[in-house]
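So that you can tell them apart, the chains are marked A, B, C, D, E and F in the order they are listed, and the count of residues begins at 1 in each.
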Amino acid sequence: MIEQNLILILIGLPFIAALITASLSVNSHTAAAWVSGLSMAGALAVLMALHDRIVTGEVLRVTIPWVPSIGMNLTFRLDGFSWLFVALVLAIAILVVIYASYYLSRSDPVPRFYSFLMAFTGAMVGMLISGNILMLVVFWELTSVISFLLIGYWHQGQAARDGARMALIVTAAGGVCLLFAMLVLGQIVGSYDLDRVLAAGDLVRGHRLYPLVLGLFLLGAFTKSAQFPFHFWLPGAMAAPTPVSAFLHSATMVKAGVFLLVRFFPVLGGTELWFYAVTGTGMATLLLGAMIALFRHDLKGLLAYSTISHLGLITALAGIGSEGAILAAIFHIMNHAVFKASLFMAAGIIDHETGTRDMRRLSGLIRFMPVTGTLAIVASAAMAGVPLLNGFLSKEMFFAEAVDWHNGTWLDDAMPYLATISSIFAVAYSLRFIHTVFFGPAPVDLPREPHEPSAWMRRPVELLVLVCLVVGILPALTLGPALNLAARAVLGPDLPYYDIAIWHGFNTPMIMSLLALAGGTVLYLVFAARIAEGPEGPPLLHRIRAQKIFERMLLALSWKWPRALHKLTGTERLQPQLTIIVVLAIVLTTATLWQTVQITDRPRSNPFNIAFALMWVVGAACAIGAAWQAKYHRFAAMMLLGGAGLVTCLTFAWASAPDLAVTQLLVEIVTTALLLLGLRWLPKRREEIADDKLLPARMRRMRDLGIAAIAGLGMAFLAYIIMTRPLIPNVGDWFLRNAYYEGGGTNVVNVILVDFRAFDTFGEITVLCIVGLTVFALLRRFRPASESRSSPDQQKDIHAANLRDYLVVPSVIMRWMFPVMIVISAYFFMRGHDLPGGGFSAGVTLAIAFLLQYMGHSVRWVEARLTVLPIRWMGVGLLIAGATGVGAFAFGYPFLTAHAQYVSVPLIGKVPAATAMLFDTGVFALVVGATVLMLIAIAHQSLRSARLREQEASEAAAEAASGPTEREAV
Amino acid sequence: MTAGLNHLIIAPILIPFFAGALMLLYDDRQRRTKLLISLGSALALLLTAIELLNRAKGSALSGGNDIGFYLLGDWAMPFGIVLVIDRLSAMMLVLTALLALPALVYAAAGWNRQGQHFHSMFQFLLMGLNGAFLTGDLFNLFVFFEVLLAASYGMLLHGSGQLRIRAGLHYIAVNLAASLLFLIGVSMIYGVTGTLNMAHLSNLVPLLPESERPLLHAAAVLMGLAFLIKAGIWPLSFWLSTAYMAAAAPVAAIFAIMTKVGVYVVLRLSMLMFGASAGASAGFGAYLLLGGGMATVIFGFIGVLASQGLGRMAAHLVLVSSGTLLSVTGFALMGGGSAMLGGALFYMLASTLATSALFLLIEPMSREEGGIAALLALTADAYGLDEKEEDSQPETGLAIPGTLTVLGLSFGICLLVLAGLPPLPGFIGKVAILRGVMASEALPAGLGWAFVALMLVSGLATLIGLVRIGIQTFWASDGVVPRVLALEIAPVLVLCAMIVLLSVRADDALRYMRATAEALYRPTIYAEGVLRAPRVVSSPTPAPAPSPPAKPAAQAPSSAAAPAPAPATPAPSAPNGEVQP
Amino acid sequence: MEIVLSTAIGILTASGVWLLLRPRTFQVIIGLCLLSYAVNIFIFSMGRLTPGAPPIMPKGGFINPAAYADPLPQALVLTAIVISFATTALFLVVMIASRGVTGTDHVDGKERDE
Amino acid sequence: MTAGTILIAALSYAQLMLALAACMAGWRTLRGPRAQDRVLGLDTLYVTTMLLFVVTGMRIGTPFFFEAAMVIGVLAFAATVALAKFLLRGEVIE
Amino acid sequence: MRRILPHPLLTAGLTLVWMLLTSFSLGHLLLGGMIAGLAGLAFARLEPVGPQLRSPWALVRLGAVVSVDIIRSNIAVARLILFGGDRHHRRRSGFVKIPLRLQDPMPLALLAMVITATPGTAWMEHDMDSGILLLHVFDMREEDDWQSQIRDRYESLLLEAFA
Amino acid sequence: MSTPLDTLPLWIAIPVALLLIIGSTLTMLGALGLVRLNSFYDRIHAPTLGTSWGTAGIMLASMLAYSWLDGRAILHELVIGSFVMITTPITLMLLSRAALHRDRMEGNPDVPPTSAPPED
């Protein structure tokens, strides 16, 4: 129990520290460092407390349910391997915190740095001790995201931004692959629990999806561990502050990939595929990294490529996967972390104290910073694999595996040679690092005067170098047990104890080491000068800059190609969009009906009526005419549209829908007025559009004509086959039977509208209201095109003056029609429930009455006499309709339950008094309001324009009066 | 929530309706009152929706009448219109309310002054959305679609300006075409099956004679096109990015739910009509949805990569999300299982919240000197001769400290969700979907793998695109920190908090979604529940019980016209048997 | 008679679709109007044609539903008419607003080659 | 020769005549040549349709088309007034 | 009274219209009267004072005259359209200017109705200042004196009817 | 098709039929004039056939028939007829005025110059 809590503390501490530091003020540098350092120390203490249990080979587990329904739980699992790794991470974290507190400038937002750093540590620890492979991915991705923030800490620089982005993209892409792999793995194993996955190696390797899993898994691991060809992000990430590099890019994040390789070796490893892929990649990376490192002039660049190379070495070991290899891999993970962290820190000190990291400018620094220099020399020696240092030991073990382990493949045969060659380069670049920076003449023209850093900045380096020495000399006493523990945790408890000695006799690995040392020295001595003068990178190879390639690829993949593709697969123009809709509708409907649709053998049909057919001759001619004229003769098209509408109304009447005929007619009238009001603002098309006669335009028209014809045919066909089908039993019958008894009205259509399906009407009036408001709102900010701003041509002509009284006589009749229309409106309203009519018809009628007054007079004349507050009407109408509906609540009925009754009124007799009528009142008020609002809002534009013209004219006149001289000058 | 009358079900429609109507009586200058009404309504909606969700949760799979229904006008099924509340619709209601409240608060920072009657229109939009989620009647669905569309036209055009008008024109034209298709489809369904009730339809589909089936499918295709246009499926989605980009920030934030309405309807109707129990029609359209959905995801992430501005990018993210959901719907029709579908619903919740937050972030993130004041000045009405525009004063609100940090944090949260990165719910949702897809035996393996790969790639593309924009905005911009009001950032933070909450309580949410998905796989629960919905008045003859005024409509005419109405009104007592072919 | 009405629907649709695909806003709005005529008649025809029998009932007595036109499609068309009226008005206003701010009546707010 | 036959014949004749009238009015609307001719044509089409409503109502035997006819008779002139005014002034409402 | 019922004649007429449309019953008299009253009130907002009708009898006479004229000219115009005139006479149309004495818009509107309703004559334009009416005549026969016909048959009656 | 009109006695049926024939024929002739006549100013006379006796004939026929059927005076149609007569002038006046205006603006010599005194 206590262990489980301890594990939770272990993982929780860094995150808590992150939260605390994040909430510190910008300049509380020291506090942030202390919080971070103490929390790391605390975590390390916790880890140590757990050592006793770990050492017995026990695996500690704790699970907090998070999303158990998809098997994603916060399961933590601490064994020897992860224990060792966590210890490494925490220890280096402490050192980095110390180092950073001296390294970072006062002007930096330091608490944020620590916050990120702590969060990163937490994520890293989480990844290492995750007992659930999905959670492993979660933490894995978290490390990518946070490392992005850390690399971009100095985001003012372009290099930092680019480096951060590239690192994120590469590692996150790998993470996505890893997620895919884990999902499939979980699918195969039937659980995301790491224990069960680790135990299911045979099942996984035998599964047909194994290659897929392996491929995706390796993509994840290789990207994170900067393996060839995904190595290029790491040098770019060197734009990060040095503490970040020391931590992430030597000890922790980049090791996540190799950690994963080792961890999952029991599941995925041991196959030929694994060997080729992993060892092959590892060897290539090892060699390439070492070669490139030699040619880098940037200190951190050299270290970065060196890191890549060492990661390749570890990867190669994981690929071999023998007991010794795994042990060596773990050992080298540790060793590399130690010497590389110290080297990064040293490089940081040099950068910090001299102002440059360019080895061509640095020289003879041993005189100015002897301590740092010594430390760096020791650490470099470890990196080069000089005996008595830790790097030597693990490299020897690698050589031993390369030589001793066989599986009979060509890669296996080549390994010793490749290992030696890469070692030669490693020696050479280590030598270069030391020689150029610390020896030679005193540097000239450095940005800063070099000197030793503050002692505390050096302490972490000192400690690390000490570790190099101690482990290098006394491996069995120091790291030996822990390593064995870790290897056993990976490969199983039956693993025999491996003794790590510094002397194995004068064997092949030893010869290889000596060869490398000698070869490297020679190589450096011969080529030192040329390297210094050469470009950043090995000859020939430097032209292939992976980073550049990647950047170009990224640019192409994430910008150029998508843009081109997006243009190709999308459009911003309306016509293609509408064409696609129509064509898709046609194609899909046709596909559905093709060869399946049946035309009924006993079609329903009504007798042919010549008059009706003739009316449709008119209707069709009008429709086609409207289509024909709409471009150049809008006015004509409008009238033809009216003609087609009229015949439509007649059709409704003829086919027993008097309500529809009435409503459609009323709407026709208002629509005509609306369109005309709008037409005022579409200036007449004076000339034909230039392109119209050209071939492409003609082709387009032909194509559209074809589409239109097919659409028409299709609709006609659909309508015909359904119309002629026998009538199936439908819910319509019920309405006929119940309209009178249950709905209290004889006009079934109206009863449906205000009672059976009143909810539709309720929504419909809301639509009308919204549209009214939208029209109003839009027109408030309306600006006419410049050519429509002046008064229409008809009013400009000299004859126009004679038109003064043209309305005097007509307006009399129009005025007198006003009360008549009110009565007609009332008539429509009253009879709606029993006969054609209803609130909508009444409302539109009244709106037409208003419209007529506006047309017969001027806006100002009407509005001086009639106060129409359309929006008020709309609000009241909606509220009446809604309140009627809610009224039913009082009687225990649902919304819009109507209450119909015929009430006997003295003298008058029975009158229908349905609540539906009240509802209809609401509809009426709303329709009046909305229709009038729309009409008047457009009409007001003319008034506005006229006022504006007057205003401009008076301004111009005033100007003319005040400044005649200016005018003359013009 | 068993049978009976429950006005709470209609509250999500009535609350915004009355709020919107009431505000029409106020002058547009009484902003404070309007804002209060509006916020009050949104809050009430949220509470109602949560209560409905709680009730829906209680009884989703108990069998039989376990959904809530509301017979409008107390008319018997399947003749009248019914509102149906089940887990899915309750969830959509909650989501709508969750988006509405922050958007409204945000709008209070000055956006509501850019045009007329913003709040009424906003409320009507909510009414339309809620109506579309609740209704159980196809034509009523059309009506509510029109309500929400009309309101969305108004909202999109809110503030006017060239970009909005151009986008609005396209948006309206495309949606009008879609509405026409919808009408054709609905009427064909009526012509072929004789009903408009979704539950009734679900029961009729398996019984349909083979001669009528192709016509039913054709109708479904036409209607489906209309919904898919709203859902933004490729290649019917080109209107979307410009429209969303052009809309004012709070408008775009609520628009985040608009594509989901299309998805919701597609999901609802296809599961009801073409689910496993649909006989010869089972699985109709599955491949179309899957193909279209995947194409949409591809187009969406290509668009994300190709976008220069955050607005357009966010709009394409909407497409990615909606394409994912459509593909999953396709899988669901193939029998993909509730694990996958439940994951998709969870993903929908997360991605909608995140896109909404992102839309709210866009403007403050890209705001230069002056902020809203400048914006208002741009749109200020040159023709406002009639009334003085006191609108142009910028809101003097509380500017928040640490602006960039807060903005960056919020942006980061949105990014993680949309790119599907852990530990936020985007990741959880994706994992749930992918797990479900991989585990499902019913799905063609190749398609499943293609989909999984597509999901992962689209997440990566999203990451790349958003990181690019984020770096540009937060890292590469040197200069003035924008002045952002607390009123603008608080809603974003609320949305982010909800996202975080969703990831903390992911298991509860996922369980809910999975149960929802299971219910969707059993359309008979829905259909039987609705069709057995009892009226308050059990029969047209007066009830002997001393109940409140029993439906007088039934008595009055019969007392007026002496003979008993018995032969004329047999229907209401037999809602089910009578109208089946 | 069905053939006449189907033809009518077809011609209205074809004219409407043709206009819908044109580049000028006014053409589009006329096209939408024509299409809504077509669709309204189409909806209406889904209840089959029953000339001479409007769904207006006697006050009481036995009713033979087969003798009357189906009222439901009519109610649907009524709603559709109102809604399409509203949206036409809206489209019109957006059209003139677009003409105002962009200076062209092209649906894209700019001429094709610009 | 019953009353019914006579009436049916007369009604059919009237329908036919009115439909022909509609055709001719439609032709004028389509043909123009001037805008005023079209307006005149449309106006005639309105009146013809109105009469056709009445005649068809008689033929079918229902009085329910009366409202539609009344809409044309009492309200439809508003549309033609608007058209004419547009021709005259270039705007419908000043 | 004037405030409640500003246009009694109009209200009465509209009540009649209402009853024509619905039925002649007491209930509809009341309902129609109420609605017509409201309509009258609304109309009063547009036109507070109605026309001063002096002699309704003159209007009745005018109606009779016009009815006969309409029938006659219906036949005449129909024949002209069908046969384009007779042997002795080819149809010739033209404009006629008629100076009117009427000044008030209301009687002018009535005259316009009369002229329009009579096939063969069309009201073209009327200038308020000069009082000149431009008439278009479908068939100009020499023997017809349009000026006197309009002025004596119609205008004088209208002048008589209105104050 | 059987309609209630079958019950009409012959002495009502014949005038109804005659009125129908007269009304529809006149309307048709009016429309014919619209097609055949050559100038707008001639054509403007044609539709008045329909709005005067064309309408009157058909409305009277309807009134007669329905009054007989209902057993009381059905005068609905009176309303339509009179309002058609009242409203037609507005349309035609405005239309002819517009035509005149347009012709004058284009300098068409066939139309008389304005009768208004020149303004100064």
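As a working rule, a residue touches a chain if its C-beta (ideal position, glycine included) is under 8 Å from a C-beta of that chain, and two chains touch if they have at least 3 such contacts.
Worth saying up front: this structure is predicted, and the values here are computed from it rather than measured.
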item: Chain F and chain D - chains in contact with each; value: A
item: CA centroid of chain A to CA centroid of chain D, Å; value: 60
item: Chain centre separation (chain C, chain D; CA means) in Å; value: 21
item: Averaged-CA centre spacing for the pair chain F and chain A, given as whole angstrom; value: 68
item: Distance from chain E to chain C - Cα centre to Cα centre, in angstrom; value: 39
item: Shared interface positions of chain F, touching two or more other chains; value: 1, 30, 32, 44, 46, 51, 76, 79, 83, 86-90, 93-94, 96-97, 101, 114, 116
item: For chain A, residues contacting two or more additional chains; value: 572, 574, 578, 582, 609, 612, 638, 647, 654, 658, 679, 715, 718, 722, 725, 730-733, 735, 737, 740-741, 757, 760, 764, 767, 771, 774, 778, 782-783, 794, 802-803, 806, 809-810, 813-814, 816-817, 820, 835-836
item: Contacts with two or more other chains, residues of chain C listed in rising order; value: 20, 25, 28, 42, 45-47, 51-52, 54, 56, 59-60, 63, 72-73, 79, 83, 86-87, 90, 94-95, 97, 101, 107-108
item: Which pairs of chains touch, using the document's own definition; value: A-B, A-C, A-D, A-E, A-F, B-C, C-D, D-F, E-F
item: List of chain E residues in touch with chain A within their complex; value: 7, 10, 14, 17-18, 21-22, 25-28, 30-32, 35-36, 38-40, 42-43, 45-47, 105-106, 108-109, 112-113, 125-128
item: In the complex, chain C residues that touch chain D; value: 51-52, 54, 56
item: Footprint of chain C on chain D - complex, ascending; value: 60-62, 64
item: Touch list for chain D against partner chain F, complex; value: 2-4, 6-11, 13-18, 20-25, 27-28, 34-37, 39-41, 43-44, 47-48, 50-51, 54-55, 57-61, 63, 66, 69-70, 73-74, 77, 80-81, 84-85, 87-88
item: Residues of chain F touching chain A in the complex; value: 83, 86-87, 89-90, 93-94, 97, 101, 104-105, 114, 116, 119
